[in-house]
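Two complexes follow with chain A in common, the first pairing it with chain B and the second with chain C.
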Partner chain A sequence: MGKRLQATINLKNLIDEYYKKMFRYSNEKRPVAWLNVGIPCELFWAMDVFPFYPENYGALCGARKVATELSHIAESYGFSQDLCSYARVNLATVLSGKGPLGEIPPPTIQVCATNSCITVLTWWRAVGYFKNVPTIVIDTPIVQYDSDTLHLDYTEKQFRKMIESVEKITGKKLDLKRLIEVTEISNETKSLWSEVLNARKNIPSPINAGDVFTHMFPMVALRGTQEGLIHLISLKNEVYERLNNPKRDHNEKYRLLWDNLPVWYDLKLFDHLEQYGAIFVTDTYTQAWGPEFMGIVDRDNPLRSFAYFCASGFLNVGFDRRYKLIKQLVDEYSVDGIVMHSDRSCKPYSLIQHEIKKKIMDERGIPSLIIEADHSDSGNYSSESIKTRIESFLETIDCLK
Partner chain B sequence: MIAVGIDIGSVMTKVVAMKNRSAIYSRILKTKPEQKIMSEEIKKEVVEKTGEMIGRIVGTGYGRRNIPGVDKTITEITCIAKGTNKLFPSVRTVIDVGGQDSKVIKIDENGRVRDFIMNDKCAAGTGRFLEVMASILEMSLDELGNTEISGKAPVSISSTCTVFAESEVISHIASGKEIDEIIAGVHKSIASKIASLAKRVRIEKPVLFTGGVAKNKAMREVLAQELGVEIIVPDEPQIIGAFGAALIAQDDMNS
Partner chain C sequence: MKFAEIALDPCSYIHRLHNEGKRLIGYMDPYFPEEIAYSYGFHPIRLTGKDMDLIETDNVIASFACNFARSILEQAIRGDFTPIEGYAFTRYCDSIRGIYEVLRQENFNNWVYYIKYPSIISEDAVEYLLTELRELCYFLEKKSGRSISDSGLINSVMVFNRKRDILKKLNDLRKKRLINMNNKEYISLIISAGLMDPLEFTEEIERFIQERRLSKVVESEKIPVIISGMMNDSIELFEMLDRYDIDVVSDDLAFGTRYFIGNIEENHEKGCLYSISKRYINKIPCSTKHPTERRHEHLLKEIKETEAKGVIFLLMKFCDNDAMEFPIIKNKLNNEGIPVVLIEVDHRLSGKDQIANRIEAFAESIFSNQGNR
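Right after this comes the complex of A and B.
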């Protein structure tokens, strides 16, 4: 496999253009909203309010290897080193003006949902406090398996109120016709994404995790935009060209599943493991934006669909649902082993890994390895010991095969 | 023709040369910073001492990629399992504590790894912890390990961080605690850390204790207590990984 997709290389441009656009909005005094990943960008693109995702920014800082330095800045302001590194990185930029993009223009408004963690709640409030910006919170009680009518009514009602407030604060109106146009583009983008993920079911898989994880950027922030759609078309085409190329590499020996966020500052780990024939053919993280958790928006009732994605988000559901996805991925993607990243910065994601490890071994005979790291802060990361653990794990899979 | 296993650990390097599946040479030396040069010297010495040509080399340990001319690299986990199965075929769990990491390996009757777990990236629960403690107690590692601690009430060392534990020990010394009780506390602290790691993979008997730290008598006693099971310690607990590597080299030569 080896070579990165051209689409992955082109991402840099796409990301640069996205951030340039944010600065343009700010210079022209057009509204910018800071959102967490539970809040659909489609609504904001439709209202012409620029959606900025601090979590995406945290991943960017991780991948550009500046997150640890920024984390130290946040810690010098008194934030604990046990706080999520995405939060530390973002707060460091808010407070010091430092970061890969320099000073980031303050938001006009902030919205967050509690569907991924409670950290976002206090993090958004902290930014709201420092920048004197109104903050809207969408409360999403944890769902045992799937959201019911009560959950959906409650979330949808909050979305309606949120839209009213955003309209009032930004002066922008939500035009339903425009929203439908945006959601149609978004639906098409998500279908393309599902096709990209599905291509990995082939043996051997045409792509490894490095090319997939980086595409979380357009999947989080550019759904519903032309540039996002065009990018996904070229990504999908390239993946299928590679898949249908009879001369492509066939060195796949182990088909692995990655659980949790990637280690952004060490995406090279996936390249390193390729020399042993270890390919990550699926993962739970990008699947959280896949068909199971983020399906097609109903054009007759888009708010209800958004309420559903928010209330039944991947980190807002209980063990059984999470386990069901993993079992399904193990079966559909012919997985030989699971590498679970126990992520210091994402405890809701990491908490149940030991249980999943036991159950998937008992029910499917599939071994799992738990490695400890952090998605953005490399301060406690030891690349060599992680490699040794994974190499040992591959040898264990050999024993079990 | 001989099969050679070289295990380059963070503190010690272990070498085993094998002919017809029997070890005919072994050596343990301090790991040098220039691991490539050290490996060349090792190879030369093996040939001189055994009077045999090297057929195949398997490298293991954290320096396994730094052996010039190595035919294969395998991680310590698999090598220890392989070596254990040959020498102690009934053993189902190995606890290996080395200079910078500790690992627990579960193996089946064929010497295959069923599951394993390693310590977090931290010196607590490793040989390094004992080295630091020996140094502040102004003792050698042997003196520390040979101290008679049975019947002593261990002082409490609550921090899992080696640096913080160091200051706890210093304050115990300053407050006039009996040295043997401090030593008992040091061993209890590391043993409970290892035991909690071991319990995570549900240990099965019999249990083998290997690695440099297994040479420490006090550690063996306290660890057995913490785990609540008897532990077996090989005569030479450090060499088992290199022995397993040599076995793999031998198998490859024969096939």
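Right after this comes the complex of A and C.
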């Protein structure tokens, strides 16, 4: 390992093209929708409404190490420093026109679902208020384990109403034939993603967490597009080629699980830990786009499938389902230890980690380390201190082995 | 005053209720339909924040859950809520959701129930919640061993409607400066409202109004303000406002006006449970719900009706929802030329001097503005 995937180099072009396309849509007065990650991009690609994900933009700002500066700008507009840093950087750009991509034109419409947190609802509302953008909220009450029929009916009905509103506001009609074409491409893309994730079950794993986190972008924003599909094909091929022809700088000694979003401004942390043979062979975050939470869309009833993925999304289920996933990952990926990122910007993900930590130790004897950071804002982050803590944690794993 | 004693030590009061044989259900937010629990013979208790060190919570939940929620969890872990038979949660905010999961896992011999609660205001949401409330009824039926009729539920609704009516009457008198009541007494009463039996509480308030009602407005040098925010159980903070001659003439708090304004229709053609669902979905929203225009309208209406000179916005540390709502509210108030100050507080009013300075500076700025007019 150690060597970057070729697909990562291609990814940069893919991201650049995506943002260029968004500006092009805007310049040509074509509709752009701001969505949270709980809203399926497929519907919008099928309607020729450009789907932009402010959370992706937050990750980009984190990776480019400009989130802290943007956060200060948001604070100057009255937004608390304790708010989610994705929200802060987005609001900073919306209100000041500053950011790594310069001024981002306001969307034609915004849609968010409450399936990740209540913060998105208030964040979308703030953008809607300050930029006078019509905002639609898809309400998904939290379920402990899975959606029942009533929950799905409630969500699907809101999807149908949302589509009607988007059609009315943007003037773009949803063509069901086109939607099926898009979902078929999306299904293929998701299957490839599952294969990439599954490749990590092998010992040694062909890739580390940094690789998969980086490649989340097409899974969030480009599902259902040819460019997204082509990228996933090359990514999958490269991963399996590496699996069949392993060339490694370091031996894999510790197989670790990363829980929560990554620290976008310190993905090198994963590279650093490779020298100790510590490889993050799985994580919970990328699994949110995996088969357990975002499976195949039923071509005969795509809206029902979208409603299901939205209503039973990874952060919209309770402790039991989250714990089940972790236990399953521990077993299937032969995990030795878990590093839990207690992310100050993501309460639904982070607040229950202490309980998961206790239970997985009791039931599987697997130790966990909780480290506090923020996914985008590096303001209070100390890379050295985190490295030291993880290095000590590896010694704990040694003792337990 | 009875309210002062209860508000000062809710924990002792909870133990007393338990010793009297009351079956207690604890809840945390103003969306829990107390009427339903009461109709099954339970005594609903609003769990209140407390000025205490947070030690045990750090072992079970991240430090950036809101301080109000963490102080409740700390009390639960320390056994303060042992007399409470079970906890009922709604989907209110991400911090309270975390508390629900922790209480469920820690299993302190209290049952934990979660209502799959909508976060939007719509007719579909009313219908959705209606089904969830039916589930709650089945659950409480099993726990209480009693089934209730429609009339039983209506009776309970009437009890809580009366309680809301009397709180509204008191607030109307306060708005017109026709009651002799300071800020500390007001918050004590609000805290007691969530703890006392609704019938007893209503009687006490009626008595209180009789004793304190003024026949005419007495001129006051105090600065009339409105308090806005979420949950706040700090008596000390309201004492501080008294000290700086600030008169809270009405509020926009989760357990203030947003708790008691809006009654349940007692004879709705779709049944009592439907009208309960309708009331809770359509009540003046907290920032955790969408849309929130009605909250803003409510705040502006209270300011207009009371001729308040400004708004004090109390932001609980790590409350994401009101933190995101504040810039919108501030913008709307600024457009109307209404001064507003943001005071960040935690469960124990840390940084008292700083808070006092901000309140004093706000009061002075209003005084000087009045002088210039």
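The definition used in the following text is that the second predicted complex is superposed on the first by the 396 of 401 C-alpha atoms of A that agree within 3 Å, B and C clash if a C-alpha of one lies under 4 Å from a C-alpha of the other, contacts with A are read in each partner's own complex, and residues count from 1 in each chain.
Methods note: a residue touches a chain if its C-beta (ideal position, glycine included) is under 8 Å from a C-beta of that chain, and two chains touch if they have at least 3 such contacts.
This is a predicted model, so every value here is computed, not measured.
Undergrad: Applying the document's definition of touch, where does A:N237 land relative to chain B and chain C: first, second, both, or neither?
TA: A:N237 contacts neither chain B nor chain C.
Undergrad: So, A:E384: does it touch chain B (first), chain C (second), both, or neither?
TA: Once the two structures are laid over each other on A, A:E384 reaches chain B alone.
Undergrad: Per the contact definition in the header, classify A:V137: touching chain B only (first), chain C only (second), both, or neither.
TA: In the superposition, A:V137 contacts chain C only.
Undergrad: Looking at the overlay, does A:N301 come into contact with chain B only (first), chain C only (second), both, or neither?
TA: Neither chain B nor chain C is touched by A:N301.
Undergrad: Which partner reaches more residues of chain A, chain B or chain C?
TA: Counting residues of chain A touched by each partner, the higher count goes to C.
Undergrad: Quick one: classify A:E395 as touching chain B (first), chain C (second), both or neither.
TA: It touches chain B, and chain C stays clear.
Undergrad: Of the two partner chains, chain B (first) and chain C (second), which one does A:Y129 touch, if any: first, second, both, or neither?
TA: A:Y129 sits against chain C, while chain B stays out of touch.
Undergrad: Would you check which partner chain A:Q6 touches, where first means chain B only, second means chain C only, and both and neither mean what they say?
TA: After superposing on A, A:Q6 lies clear of both chain B and chain C.
Undergrad: Common interface residues of chain A with chain B and chain C?
TA: Residues common to the chain A contacts of chain C and of chain B are 354, 372, listed in rising order.
Undergrad: Along chain A, where are the residues that touch chain B in the complex?
TA: 354, 367, 370, 372, 380-382, 384-385, 388-389, 391-392, 395-396, 399-400
Undergrad: Name, in rising order, each residue of chain A that touches chain C in their complex.
TA: Against chain C, the touching part of chain A is residues 77-80, 82-84, 87, 114, 117-119, 121-123, 125-126, 129-130, 137, 139, 141-144, 150-151, 154, 157-158, 318-319, 342, 344, 347-348, 350-355, 358-359, 372.
Undergrad: Using the touch definition up top, name the residues of chain B that touch chain A in the complex.
TA: Against chain A, chain B makes touches at 62, 74-78, 101, 112-118, 120-121, 200.
Undergrad: In the complex of these two chains, what residues of chain C are touching chain A?
TA: These residues of chain C touch chain A: 59-65, 91, 93-95, 97-98, 101-102, 104-106, 114, 116-120, 122, 124-125, 128, 131-132, 287-288, 290-292, 315, 317-318, 320-321, 323-328, 330-331, 342, 344.
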